[in-house]
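What follows is chain A paired twice: with chain B in the first complex and chain C in the second.
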Partner chain A sequence: MNLRRISFSWLTVFLMLALLTGCWDRTEMDELAFVMASGIDLADDGQVEVTLQIALPTGIPSSLTTGGKAKKPVLVVSAKGKDGMEALGKLQQQLSRRINLGHRGVFVFGEKYARNGIVEAVDTLLRSSESRFNSFILTSSGTTAKEILNSPYQLESIPSIGISNMQDNDFSFSVKTDKFIEMSASLEVSAVTGAIRTINKKTDSETFMIDKSAVYRKNKLVGFLSGKELKAFRLFKGNFNGMRFTVQMEPPKESYKGTVAIQLLQAKTKIRTRIRNGMPEIAVALKATAQIMANDTPTDFNKETNLHSLEKKFSEEMQKEMTSMISRTQNKFKADIVGFGREIHIEHPYFWKKAKSVWADLYTKVPVSVKVDITIERIGRTQAHPNVQAK
Partner chain B sequence: MIRIKASPKRIDKRVTDLVHIAEEPLSDNLDDNEKVLQQIFSNCNDLIIRKLTLYKSTRCIAAYLDVLVDESLWNNGLLNPLVKQELEDFDNQGELFEQLKYRLASFVTPQVINNRKEAVQRIVSGDVVLFIESSNAALSFSIKDQLQRQLEEPSSEAVIRGPRIGFIEKLDVNMALIRQRIRTPQLKFEKVILGAASRTDIAIVYFEGKTPQKVVEEVRQRVSKIEMDSILESGYIEESISDHPYSPFPVMQTTQRPDVVSAALIEGKAAVLVDGSPIALVMPITYWYGFQTVEDYYMNFIFASFLRWLRFLFAFMALTLPSIYVAVTTFHSEMIPTGLALSLAAAREVVPFPAMVETLIMEITFDALREAGVRLPRPVGQTISIVGALVIGQAAVQAGIISAPIIIIVSLTGIASFLIPHPEMNQAVSMLRFPMVVCAGTFGLYGVSAAVIAILIHLTNLNSFGVPYLSPLAPLNPSELWDVLIRAPWKIMHKRQRRIRPKMELEEK
Partner chain C sequence: MKITGIQVFWMIAIMDIGMTLIMTLTPSLQAAKQDVWISILVSGCITLLVTLITTKTALLYPGQNLIQFSQTILGKWLGKAVVIIYFVQWYTILPIVLRQFTDVIHIMILPATPKAAVMIIMIILIVYVTNSAGIVSIARTTEILGPLIILMILVTLISSINNVDLRYLLPVFADSGLTGIINGAIPPASYLGHSVEYLMLASFLYQPKKGAPYAYWAIITAVFFVLISMTMATVTLGPSLAPKMWYPFFEMSRKISLFGFIENFDPLVIVIWVASVFVKLAIYLFITSYGTAQFLNIKNWRTLTWFIAPVVLLFALIPKNVTEATANYLLHYWVPFVLPVNMIGLPLLLLIVGKARLSSTQAK
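Moving on to the complex of A and B:
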């Protein structure tokens, strides 16, 4: 009785497993081509070109392979096709291992492709079960995705791991796939990605660099933010870790340059919206604390009045930068990358119902006021340098 | 063991005759009795029949098996006093018996026997039987030779802190070891003799007032139903009285330690001791006893609780680690962190087998090595471990037949399974690994979870002498969890009045 019951239950389990499951996707790890990064470009002939950076496990140095010249640890292949899937199919025909996108950490849009619209690629990213939502989305700036994936990187054996580590840290502006898809599907906010470019081209030290962010409007690339604008944008996004600012406190003299540098410690952005005469108004208030990193002036910041004037100077400076960044997005990109639309949706849902279809155009006319309040909490070591003491 | 099936037809006539003769009562003729004994014990060279003359030249014979009888006790303790006995006059044999009984009681306790069958049984169990002229009764004296080994620490249940004494093959000694720990008349030993040929003494031990009567009654009943020719080890009993003999999981605890049995008795359990076996059976138990050791109760309770969780964790690993590895690498490679995935892929690059086959090969090899190590004498055992570690471990990886991660997984699994303190539970877990790996290799993590669920369903269906196997977790009894999930301090445990509540709705079979 008991034995029969046990064998029966095992048989049931096995039959259930065999008959009720859908996909049989057993593959050994040495039969897979792990795609570490992929890129999509628009070729000159109007076709789509897909580039894959595939890791070669045999090229990865391990304790077992001793001696001999180390192999290149990645393989970069590309193929053209009517769309991304066709190109991928062509790529599979030149590979002995199955393309596996499960470990793709980086996805790069070529600049030309992005300017023509990215809807098709976004749909594929959303639809495919293999692509992961925590890989980073980047846009190439001034170059193609193919070139980015082909450019070497010294610090990691696999360049795409270098890219994703750079993005993982707060050193650069980063957007992951899930966030990107959400942004590009939303009417409340315009999509942005980090932007990558190659530097030192045609030299031995050729490599890539992520120092910009790409702005999309209605799923087409419209431009890049860099330098101060990118900093201001990151402040809006709360992505300010270790961000530094330098201001000219005093006119430069022979013995000093007159600059002070601070590093942000904490920052909080508050966005308030108001509807006046059927027109939204936006007020942004940034409260931040900072510490002094460098002081190349004869001013002694131990004195409270000096500190206050420094705080004021910084506040004004940052306010100027943020306002100019907003006006640039309104006038040049016409893209609400900060996501004011979302705030309006939350605070004035009835207004938003009427406005959401025209928000992209309405945004350009919305007045935005920015108020910055910086408090310097730490001034570093209080021992002053000779210039201060001489006073 | 060779068993010759004794069908009634085959029993030859001589044996039937003997059985027939043995059934009869003793004759009052001394020569007749001797003749019958010679007949029954024909070809038994160890039978000694000595003729003696008692007071007033009463002839008598003493029959015994010299291999079982303590020679010096027999010569000095019994033979001398018997022969030199200054007996008073007696009119009939009855009076002689009374006198002998009382006078010899100071040396050994004589017992009166009336039939041949009993006489024969006394002789084979090591007694000296004294037949007296013109009497149809005999006296039996128990002067067994105490063949026994030293009391030693049981090597399979070693402790760092705790008593260093273990059971031996002698039932009386084992009983004494328990009695020394529980000094109360409430501790009961019920003796049963089982086995047609071996006539093994079995003791059912329980603590009156603590062990539930239903459990004792159930044990008694199940033991009495055993029909076997011989019982040479407690394993025979275990299988015969088990609730679930077809399950890989043990429903009785086996132990060689008197302190374990005593603790169990005080907790309200019953035990069965078998003569000739140093292993005692304790019942009922739950699944969680597989992860508790007696030392948990001797050491710091915080560390003991930590050890318990370590055992739970590693027992789970022992069951699932190889299958999870196989499932994840062959079905869900995206689940592995990228860096690890690349090194695993690099290690697998040269290996010709699929991960499942590779794992099965190494798991089987590991079990073979372990079994070889158990059976071999110690010096040869070392050779095995060297061959295992160097040849199979290192050389196979260098030759590219087996990938290094598999070696790590299998060794880790092996170590994990040794963390389960009870060998029966360990065997169950080690065996279930193989179907788990096959499930993982065919259906991925889906198969692994299905197999784990199947095992869980099986566990919930088990019970041990009326106690659900997963209790007190299923059915949930929060107040009992103090001794399952952690080892609570004695202060709490003492208050809590630990008691197993058997649900004695046993299925009638």
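Moving on to the complex of A and C:
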């Protein structure tokens, strides 16, 4: 090796060291403010208010520092601006560390903001290089996003991790950013998100819970599904893990309340569509298997006939709930959240070409029939009569 | 400077895969929607046609490259005119690819880094690899990078499997129709058609006569990987969202979430992309400077790289925004001109005239 060659290779090595170490976008961990959750609200003066929940690394109790009162593990800040980006810029001015959205797990729309239209927020979620597809989208119900992010949660040190774990575990209806944006971009389905609200306000045990889902129509929040209707909707989405139903089987007697509870094991919805006289018709069939969880009637479910009448009763009940859910989306929300449009698109693509631009309005007039068939596979660990004294 | 057949295989395959995957998916999806996979099959056929013409043409005068045999076949002046048409392609693709590379890096990971910094690092790398031993060092690098790139594409695809919703592929054909599918086939075909560079590479082979199967297999491999990757991007993102993104393949990798802790996979795709761009730029820099040197009768082609590199860098800074660099170049020059003229028309012309000339000399 001659001298020229040696000096050239050293020069290359030094150039690499200087240039390849992260470039201009290099940031150290302790220069970043990790946003765990963010929320967007419409303030009373018409401005947009952005709230960030930022993890405080020194506040997270480690196993070494036991005893003593731990510091709050998160910092919650809010600022107003003409739009989300301006508010974010103002927030940056009150933080010594650079805002990093890469670890955001939860994004909350304030109810008022959502009712006024979410186009701007969806655009930012899609455009920004920092936003990730894997964070959960929620809508606050009856409160603001700011309040949600400020409410405490006991089980996890960082409240937003509590929210994202609740969503992750299928206990509640959940939608991730990618799915939400895709629903917003599609003409075949209306967007939905989980809906979060605060409970036990102004008490020590104030916290949040996720027991509703928010329905959007053309990028505006139109209402919430809750209770039985939400259950029926989750069946469509295949998100029924451990879902339970209780039905009044018999009128209450002196020692029995007359109710039976079941838990779903498997459920499958099939949607069939037909075009008749230029108008689509939709038939939904739900096939489910279940097991008995509780029996508070004098009936003995070891007997085939009794089991059949229970299956029938549940099927009727479920059919009622699903029909009422669908008619509510048709008449009140006017939003096709189940995605019947998608099925029509697949089964009748040429009809869809004409119908897709008016589907949002057409949906409200489409007849939907529901058929439910529940099979009870197991009755639990015991064969005994509920009243174990009885023979 | 001699290369082996397997090296040609990797060079053509890698040059095709990365670029087609990142740059042409969006125009294809916009035209063909969920039928993009049919489009890719169609474009695979177009590319095989290009390869057929190219390899046959290269066989006419084994040992000569495009610059030489176009003059042998068409005569001095017409041959030079043909070469100049190819020079326009080569001299414009270099800055455009460099610019596209910078844009992707900017949009996806490093928004604050100056454009010039990203470009200069790449330019230094490709000038170094071309200068060290010309096509031989590029070929050897590709032999190492190639399997790695394939491996990383496979990892990305396999870890996306749980995001797949096959119903996104329905309804087949009805939405796009024949015109949609053909329109969707053209952008990937115009990028996969880089096999035309075999005209330059063939003369460096140890056995130029036995190079054709390697070119075919390279194209088949590239089409296969582009096909499964694009189909995966469609079935993970959905046909309503995917056509709206600049780089759907990246977006697909952003969706990956495994076991709750493997997330944010996009750096892996960046590696695939950077490696593929590197190979492509290096090959083009080599054939451009080697070709220009032969064309102008300059003895040492290496001196030309020092001239071409800064020019490429300057040109790469010209496009004002991402639309100009990516969409306009592709849709207004590459698809309507390069695909029919440089990739099909001229090789076909050379093939027909060359065949006629050879048979007439044999008849005499």
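We take it that the second predicted complex is superposed on the first by the 353 of 391 C-alpha atoms of A that agree within 3 Å, B and C clash if a C-alpha of one lies under 4 Å from a C-alpha of the other, contacts with A are read in each partner's own complex, and residues count from 1 in each chain.
FYI, a contact is a pair of C-beta atoms (placed from the backbone, for glycine too) under 8 Å apart; a residue touches a chain by one contact, two chains touch by 3 or more.
Predicted model, so just to flag it, every value in this text is computed and none were measured.
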Exercise. Based on the superposed arrangement, let me know which partner A:R132 touches: chain B (first), chain C (second), both, or neither?
Key: both
Exercise. Pick one for A:L15: touches chain B only (first), chain C only (second), both, or neither.
Key: second
Practice problem: Could you look at A:I376 and tell me whether it touches chain B, chain C, both or neither (first, second, both, neither)? | Solution: neither
Quiz item: Does chain B (first) or chain C (second) touch A:G102, or do both, or does neither?
Solution: both
Exercise. Pick one for A:I161: touches chain B only (first), chain C only (second), both, or neither.
Key: first
Practice problem: State whether A:P349 touches chain B only (first), chain C only (second), both chains, or neither. | Solution: second
Quiz item: On chain A, what residues does chain B touch that chain C touches as well?
Solution: 25, 102, 132
Exercise. Give every residue of chain C touching chain A within the complex, in rising order.
Key: 107-114, 117-118, 121, 124, 128, 167, 170-171, 174-175, 237-238, 240-241, 244-245, 251, 254-255, 257, 260, 263-264
Quiz item: What part of chain B is in contact with chain A in the complex they form?
Solution: 244, 246-247, 329-331, 333-334, 338-339, 341-349, 351, 354-355, 397-398, 404, 439, 441-444, 446-447, 450-451, 454, 457-458
Quiz item: Where on chain A is chain C touching in the complex?
Solution: 12, 15, 19-20, 23-25, 102, 126, 129, 132-134, 168, 178, 181-182, 185-188, 342, 345-347, 349-350, 353
Quiz item: Contact residues on chain A for chain B in the complex?
Solution: 2-3, 6, 9-10, 13, 16-17, 21, 25-30, 32, 34, 36, 55, 57-58, 60, 62, 64, 100, 102-103, 105, 130, 132, 158, 161
